[in-house]
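Step one of this worksheet: look at the structure below.
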Amino acid sequence: MRRDDTIFQPRDPGYAERVRASFELQQAMTLVGAELAVVEPGYTEIHLPFKPAITQQHGYIHGGIVGMIADSAAGYAANTLTAADASVLTVEYKINLLAPAEGERLVARGEVVRPGRTLIITKADVFAIRDEKWTLCAVMQQTIMVMHARKERTD
Amino acid sequence: MRRDDTIFQPRDPGYAERVRASFELQQAMTLVGAELAVVEPGYTEIHLPFKPAITQQHGYIHGGIVGMIADSAAGYAANTLTAADASVLTVEYKINLLAPAEGERLVARGEVVRPGRTLIITKADVFAIRDEKWTLCAVMQQTIMVMHARKERTD
Amino acid sequence: MRRDDTIFQPRDPGYAERVRASFELQQAMTLVGAELAVVEPGYTEIHLPFKPAITQQHGYIHGGIVGMIADSAAGYAANTLTAADASVLTVEYKINLLAPAEGERLVARGEVVRPGRTLIITKADVFAIRDEKWTLCAVMQQTIMVMHARKERTD
Amino acid sequence: MRRDDTIFQPRDPGYAERVRASFELQQAMTLVGAELAVVEPGYTEIHLPFKPAITQQHGYIHGGIVGMIADSAAGYAANTLTAADASVLTVEYKINLLAPAEGERLVARGEVVRPGRTLIITKADVFAIRDEKWTLCAVMQQTIMVMHARKERTD
């Protein structure tokens, strides 16, 4: 948190293509309709348009799907900072759901808090957008593990 | 944890129908193919058969979807103990992913740890089953809020 | 998070005295040597000077004590926003320890993320300060419950 | 969870002495009056007698101290399973406080859920005991990192 003064330097100049290629292979993201909209060093955004198929019983977007895009956005934020031949996996995350996920779309912003060699600590904020009014609907804190010399499958 | 000596008594004799009707309205559960297989006082199970559409880049079931069924199983476990005219919502959860979610299906067991009037503390274990070998692949701890006199929408 | 545009308005003009009086009653804070250094609407700081009595086996400040001041700073941040006759209690928190807590002192900054009537979601950052170099050593996310019409004991 | 069928085998036959020696060096544990009462493979217990110096404003044992003994009990449970020349550190933990920590003493039971080479996932239950009535007052889930070839300081 408060990373305002930090510019993360990617070790792999091809980080954006690498992360995008990995995302493309996540069929679960296609299923729910999520898009990897922004990929920057230590930061990504996943956008998720509303559709009835992803709702819970009250017609809001399912909390589990909110968790899913928060987990992915922060995990890929970590992945932007790894070496080209490393992959990442989620050790754990904790999410607080603050408000119903209602609106035309969700935006999950994943961000690296502390990059380590073996573990990367990240966070994500998820916003629900209705008529361009942004409401913070979830905050997440996450631990990511780096698997060195285990390239992500990208085909 | 260690609830072995505890028999939870439902306040609403129609708890199982009520919980099943709510689950039926969760289109997100239909989308991923999850089934509410068991509903007992303070306990539910969600079963999720493998299909390629719910995988991540390595072909395992997406960690976000593991979180989704853990969240739902434990939330509905809480819901079995509320009054008929109450609904529940997830305040937060924390999940550790212990092993890849690979196999023919997942089983999420949600369980009430401590039922309170306003808050219900729950947990879930998620198992990945391959050739009937069960592997614990995630453990979750969760806080549920009870909304009194706010009936779940069931139609 | 990103509360930069938010000015929290306390409902109780005597919030600072009330919170300080409560802190004074926490003998555990006296035991470890913690001071409530800042009390503002939706924000507090707890400062903790180093002393050998609060260390773990490597001579750093014990991680449990880092958690203790993070929990208290964020809980009191919530408490600044409640009515005069309400008290608060910690439902749960999750803390990531990012770096050894070594230095002359720790500063825990507790902050309200989302104030609700029944639940207040908060966060805390803990810094370790050595030779005026600040290192972020822990980040915490927390859920606080408001007990209405249950005044804090202040004598 | 549900580890009933699991017998953890320590790799270091001198695990108990090693863990006890480390605990002895934690001055913070002496300060609050905690004792390492049980050390078994993958399991430890920390006992904490009540004293006014560890209370919060209502006279119960401070929630931060509950977290402290839960963190330590589970961390040492992990430590029983490491090699003799390895040390452990807490990556993160999440704790739900279920009931006031009131009574003559607390017992924190730390337990390994999943031992890995780099990460060990653990849990702890904390009980408050009054007149030999045991009340579950906190449940914790935790991630521990193993530092290979970095012996714990034991002198």
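We just call them A, B, C and D in the order they show up, numbering each chain from 1.
One rule holds in what follows: a contact is a pair of C-beta atoms (placed from the backbone, for glycine too) under 8 Å apart; a residue touches a chain by one contact, two chains touch by 3 or more.
Nothing here was measured: the structure is a model prediction, and the numbers come from that model.
Chemist: If I rank A-D and A-C by number of C-beta contact pairs, which comes first?
Modeler: A-C
Chemist: Going by the average position of its CA atoms, which chain sits the greatest distance from subunit A?
Modeler: Ranked by distance of C-alpha centres from subunit A, the top chain is D.
Chemist: With a Cα-based fit, what is the angle in degrees between subunit B and its identical partner subunit C, given to the nearest 5?
Modeler: Nearest-5 rotation angle for the superposition: 180 degrees.
Chemist: Distance from the CA centroid of subunit A to that of subunit D, rounded to the nearest Å?
Modeler: Here subunit A and subunit D have centroids separated by 33 Å.
Chemist: From the C-alpha centre of subunit C to that of subunit D, how far is it in Å?
Modeler: Taking the mean C-alpha position of each chain, the two centres sit 23 Å apart.
Chemist: State, to the nearest whole Å, the distance from the C-alpha centre of subunit A to the C-alpha centre of subunit C.
Modeler: Here subunit A and subunit C have centroids separated by 28 Å.
Chemist: Return the residues of subunit A touching two or more other chains; collapse runs of consecutive numbers into ranges.
Modeler: Within subunit A, the residues that touch at least two other chains are 91-92, 94, 96, 143.
Chemist: Touching residues of subunit C toward subunit A in the complex: what are they?
Modeler: 1-2, 94, 96, 98-99, 113-114, 121, 123, 125, 136, 139, 141, 143
Chemist: Would you mind writing out the residues of subunit C in touch with subunit D in their complex?
Modeler: The contact residues of subunit C facing subunit D are 22-23, 25-32, 52-59, 61-65, 67-69, 71-72, 89-97, 152-154.
Chemist: Which of the residues in subunit C end up touching subunit B in this complex?
Modeler: These residues of subunit C touch subunit B: 91-92, 94, 118-119, 143, 145.
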